[in-house]
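I'd like to ask you about the structure that follows.
We call the chains A, B, C and D, going by the order they appear; numbering starts again at 1 in every chain.
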Amino acid sequence: MTPTTLLWMILLPAFSALALLAVPKTVKYVRESLALVSAAVSLYLAFALFAVKDLSWSAAWLGSIRLELRLYQFPAFILLGLAGFLFLITLYSVVKMKDHPRVNEYYAYIFLSAALAFGAVLSDNFVPLVFFWEGLLVTLYALISLGGKDAHRTATKAFIISGLCDFAMILGIGIVWSLSGTMTISEIGLKPEGPAALAFVLMMIGAIGKAGAMPFHTWIPDAAVDAPVTFMAFMPAAFEKLLGIYLLARICLDIFHLEPGSGLSILLMVIGAATIVLAVMMALVQKDLKRLLSYHAVSQVGYMILGIGTAVPIGIAGGLFHMINHAMYKSGLFLSAGSVEHRAGTTDLRKLGGLAREMPVTAAGFTVCALAISGVWPLNGFVSKEMVFHGALETGSIIFAVAAWVGAIFTFASFLKAGHSVFFGKRSEERAPGKVKESPWTMLVPILVLALLCITFGVFNKLPLTQFIQPIVASHAEAGAHLDFTSHALDLFNLIAGISVACLLLAFGIHVYGFKRGGNKAYLASEPIHHAPFFKQMYDWAEKRFFDIYEQGVKFLQGLSWVLFKGIDRPIDAVFEKGATAVGSAFTGLLRKAHNGHYANYLAWALGGLVVIIALVNVLLK
Amino acid sequence: MIMNEWIVYLLFAAGMFFLGLYCLLTMRNLIKLFIGIEIIGKGVSLVLLSTGLARKSILLAQSLVVTYIVLEVSLVAVALAVIINLYRANQSLDIRSLTRLKG
Amino acid sequence: MTFQIILLAAMIAASAFAVLARDLLKAAVALAVSSLILGVIFFRMGAPYAGVFEISVVAGLITVLFMLTIALTKQGDDVRESKTVKIAFPLFFLVFALIDIFIMRGILAKVPALEGAAEAGTFGEVLWKERSFDLIGQLAVILAGVLSVLALFRKRDRHDHE
Amino acid sequence: MIFLYIGLPLAVSAVLPLVGKASKRVLPDILANTVLAGLLVYAATGARALLAQGPVIQQVRWLGEAVNIRIALDGFSLFMLMTIQLVSLCIALYSINYMEHYGAKANYYALLLVMVAGMNGLVLSQDLFSVYIFLEVAAVASYALVAYGLGAEELEAAFKYLMLSVVASAAVLVGIALLFGMTGALGFDAVAAGLRLLEAKGVAGVAAALFLMGFGLKAALIPFHAWLPDAHPSAPAPISAVLSGLLIKVSGVYAIARIAFQVFDLPSALSQVLMWMGAVSIVVAAFLALGQADMKRMLAYSSISQVGYVVLGIGIGTPLGVAGGLFHLFNHALAKGLLFLTSGSVQQATGTRNLDEMGGLAKRMPWTAGTNLIGALSISGVPPLGGFWSKLIIIIALIQTGEAALAVIAVLASVLTLWYYLIMQRKAFFGKLAEQWSKVKEAPFWMTAASVLLALLVIGTGLWFATVFSSWIQPAADALAKGF
């Protein structure tokens, strides 16, 4: 392992992207095998780098700015995760995206995103970081716009929101640079006070915007409908979460030293808690599986931000662990949804039902992942959520823990509803029996791998916690801190776990109640909450995109431009139109009439002009 | 005395200018118009040479006039070529037909 | 001086005839006559070279060019000049002459002038040595004229036009 | 050898018709462009060094003997030379493709070179009569070039141009004769010295007025402008660009400036008349441009309006005003050249100049549309392009001298300018692509290249205006203020 391997880690997917773009459409299998081989090699490289864990490489770039790459515990771990997801999603795409009209571009963008993401994770200098980060913005736009007709609008929305977040981050980086005098990330260690606090907030916006926290999330549910489902599993569910939370952790741990209980810590926790609760409330009432999943993708970010925001070791560890767990089960869920869409042709909960008989493997994978995201013992979600609860309680603010629990209740309730509607219960009347088959193996393998990983990381949580998470936190925590996270990982008999289990039971109760109220239709199970007095109003507003800052911003700008147009532009225009134009055109008309093309006329002007000038000069001379 | 002589020439030159401009302003035939230009040209040469006479530098004025005449020939050639082409294009030598460009 | 004034008046008369004549050929001839008279005036002013040029080039070459043009545009002859212009001419000319004699003369008499020394040398020396830059200009202007005539009478074959 | 500026183009143009017999297209293309490029390089490098010790008066030597050809080079002439060669080179490049279908390319280049030689000679000469001769050299070539298409409209425009121009030349000559009669001299400085001794205000004023009429007609100042909107649009596009970009400035503005400053020492009466002539031209021509539907005619009226700015700036007479006027001269030469070239591209592609028939051409001719927009923005005075800076300098100079009314006129007229250029942009390039233009193609390589080159120069002048201003404009303005 030479340091240049770091560079290859970035260049390999980049070159693959170019090669994939060049493969002609008519050639079969070449593209897919190339993509798979490239993804596999990336994964292998990531494993190899994970084993080394300590490398750095740098070269002069853009004049005095250095392209600095640095690998240590944390990036190595993220890199491994990214490469793993890249491989699984490529495998899945082999079938799912086979008939997409722009499949060339799709693969190219996926691998380009991977290259940029690897670069962003590895870079140890702000300039290349921003370069890679902004590059991701472009591929994000490109990938969403592959979705079809309406995707363009969503892509624009995603681009603008993410772009604003990135702009905030660049501003923050600028402040950090002026404060610390260096662009090399590993040399920076600031206390978030005064201007540094502002820088912290700005960079934080960049990070959580990438991860999709509220209020920067609104493009994700839209994209879930418009964009290819593999994109959802790839970008918002996996890559962007990993990158965003990775950067957030770097910001909180490396670049700044976030103190537990400080104002910024509480700000982060508030954002996290609000994201958990609000997004899960929205998820609960969705009638479309992909939309539902996408709101969960937002909601779960809240746990990570909450965990990291606690700034206590167990909270941070929980946040990071939740990040990797979430990437696994949310990808699994999106891929299962894709599998359903692939065979049943829809992801609308109202039109699905009883698919477990026809698609048992998909159903099993979905169930495991759904239980994991809901935090059911002994899956990985349970472990990481417990850690976040512990961390939240350790800061002494019970309210955050309560918010997290509320989130857990509705998460489980919504997944009961989703699973019940899609895979169990009665078969939908619209669907003829036997028409739907199980998906091909290349689609199932990624789902199963992810489901198995969910179980493994839950039952044998000691492995990831000691191997991956602990070293990361250890390198940043103060000496002597309590760093054994595994002690109560699967312990059911303590107060916190008890409350969690109670929450799950409550959720089950809510679901059963709603199911009965909705006339045994699972997709109506959330209606009682939907129509509860206070919530109804909120949901109505949410339906109207009342809380969508982008839509509101657009509306505001439209309103403003309307006011400007009617109030200022039109009156001015009227002055011009009625006043100036009338006078001007009369004058112009007169002048044009004078130019009648007669030579004698023109000559007479010239002679008259001569006489006038002679007179003028002589008058003025005296 | 010499100044008086100069004035006489200038007055007659002014007469030539008047004739030329009168022609340019009132006539319609393109060739006639150019005759007007020629008359103005004669006025100019007269002014130049008489000025040289008044300044006692007749040789210099002479060389100026010669240059001016050469120049005039060149100009006449071009102008008449334009007129012939115009006649071919319009089948008319009337200046009033030349009002296509206006506004 | 008196003879000179008579010549000048004759030149004006010839020019006026050139302006007013209905027949273009007569007008051209009148113009040539006017040039001839101017040439004689130049001679009498002590400028033989200018006189020769005026007579040979202006009265000769330019008149030939005029004739050629008139011949090439034979039907163009029938451009009807306005009658009132001819009738009004004496009136305008009288007004002008009065202005010329009484006002212009008054103004021109006041033209101040520096005393200058008489020049020495011959015409050739002046033209070739002092005004040699003008010769370049003459060359250029002849070149421009030739090229212009070439351009204006160039053959326009269809291929070129497309 | 400054004489090369006159001698080389003349010699080449004499040979070109013969060359044209041997090679119809390629050789004339190469020859003409090489000559202009060589002269440009010389102006930018060699001639600059000559000026290091101040103005140069060069005596041409021929066969080892001094010939009495005196040509003078100072900052002002050098600046004009630079502008002339720069724009004419771009135009010659453009002509490679554009003049294909006019035929007789060799003859065309020969006329172009004679015109350039005439302008160079005018700029380099230092006596009144030489100015007149070279004015005529350039003018005779320009008559033929305006009529080059040989259509009825071209000939009509050329005829009116010629007939008005000749009267103007007569006025100039009478003015020269008057000054000659008073001072007995023809050289600028000698005449100026004589005038100082005489203190002949009235007659000098008449002479000045005659010059103003003569050169004002060449510069197309209102009310002497009527030939320009006929002649400039009728000429082939590259010639329109030369006429609008160079000829009216060299034979009009340069001559006025040179004579007003160096011969008459710019009395305040002359300054006032110049400024007001400029202001009237700016406003009236801007209104006229507003009412045009013909693209090139609109550009032609715009030329009158912009020359008004130049004359206004020079007429102020303060160093800043003169510099601003000259800078605007330079900017306008580049931008108007560019605009006429792009209009030629549009005309060649669509076969029309009528703005109402166009629309959406930007989609089919992106380079043409883009470069046209740059030129239009520069002339309209949109920062940071060159036209903005020069107009700004003129306006500042006006305010400094207390001419608030003129400053307001200049500002308002620049709004008008923007207005009609926006009309042009909207009608020609923006909006929906009309059905009949769906097969229109972008202009050929050399035409696009010339437009892009000029556009880059326009942008460059704007971005590095301080450099351009201090290295070219300021020396020119200084030379004008000081004299030889």
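In this text, a residue touches a chain if its C-beta (ideal position, glycine included) is under 8 Å from a C-beta of that chain, and two chains touch if they have at least 3 such contacts.
Small disclaimer: the values here were computed from a predicted structure and weren't measured.
Student: Identify the chain pair with more contacting C-beta pairs: A-D or A-B.
Tutor: Per the contact counts, A-D leads.
Student: Subunit A to subunit D: how many Å between their CA centres?
Tutor: Centre separation, subunit A to subunit D: 59 Å.
Student: Please report how many Å separate the Cα centroid of subunit A from that of subunit B, as a whole number.
Tutor: 84
Student: List the centre-to-centre spacing of subunit B and subunit D in whole Å, with centres computed as mean CA coordinates.
Tutor: So the centroids are 27 Å from each other.
Student: Need the CA-centroid distance for the pair subunit B / subunit C, whole Å please.
Tutor: Roughly 5 Å separates the two chain centres.
Student: For subunit C, write out the residues touching at least two other chains, lowest number first.
Tutor: As it turns out, subunit C has residues touching two or more other chains at 111, 113, 116, 130-131, 134, 137-138, 141, 144-145, 148-149, 152.
Student: Touching two or more other chains, which residues of subunit D qualify?
Tutor: 129, 133, 136, 140, 143-144, 147, 150, 159-160, 163, 167, 178, 181, 184, 202, 229-230, 291
Student: Which residues does subunit B have that touch at least 2 chains other than itself?
Tutor: 6, 21, 24, 26, 30, 33, 52, 54-55, 57, 64, 67, 71, 74-75, 78, 82-83, 85, 98, 100-101, 103
Student: Considering every pair of chains, which are in touch?
Tutor: Touching chain pairs, listed by label, are A-B, A-D, B-C, B-D, C-D.
Student: Give every residue of subunit B touching subunit C within the complex, in rising order.
Tutor: That would be residues 3, 5-12, 14-16, 18-20, 22-23, 26-32, 35-36, 38-39, 42, 45-46, 49-50, 52-67, 69-78, 80-85, 87, 91-94 of subunit B.
Student: Under the touch definition given earlier, write down the residues of subunit C that touch subunit B in their complex.
Tutor: 1, 4-5, 8-9, 11-12, 15-16, 18-19, 24, 27-28, 31, 34-35, 38, 41-42, 45-47, 49-50, 53-54, 57-58, 61-62, 65-66, 68-70, 72-73, 75-77, 79-82, 85, 89, 92-93, 96-97, 100-101, 104-105, 108-109, 111, 113, 116-119, 121-123, 125-127, 130-131, 134-135, 137-138, 141-142, 144-145, 148-149, 152-153
Student: Any idea which subunit A residues touch subunit B in the complex?
Tutor: Touching subunit B from subunit A are residues 592, 595-600, 603-604, 607.
Student: For subunit A, which residues are in contact with subunit D within the complex?
Tutor: Subunit A reaches subunit D through residues 584-585, 587-589, 591-592, 595, 597, 599, 601-603, 605-610, 613-614, 616-618, 620-622.
Student: Which residues of subunit D touch subunit A in their complex?
Tutor: Residue list for subunit D touching subunit A: 159-160, 163-164, 167-168, 171, 201-202, 205-206, 208-210, 212-213, 216-217, 223-224, 226-227, 229-230, 267-270, 272-273, 277, 284, 287-288, 290-291.
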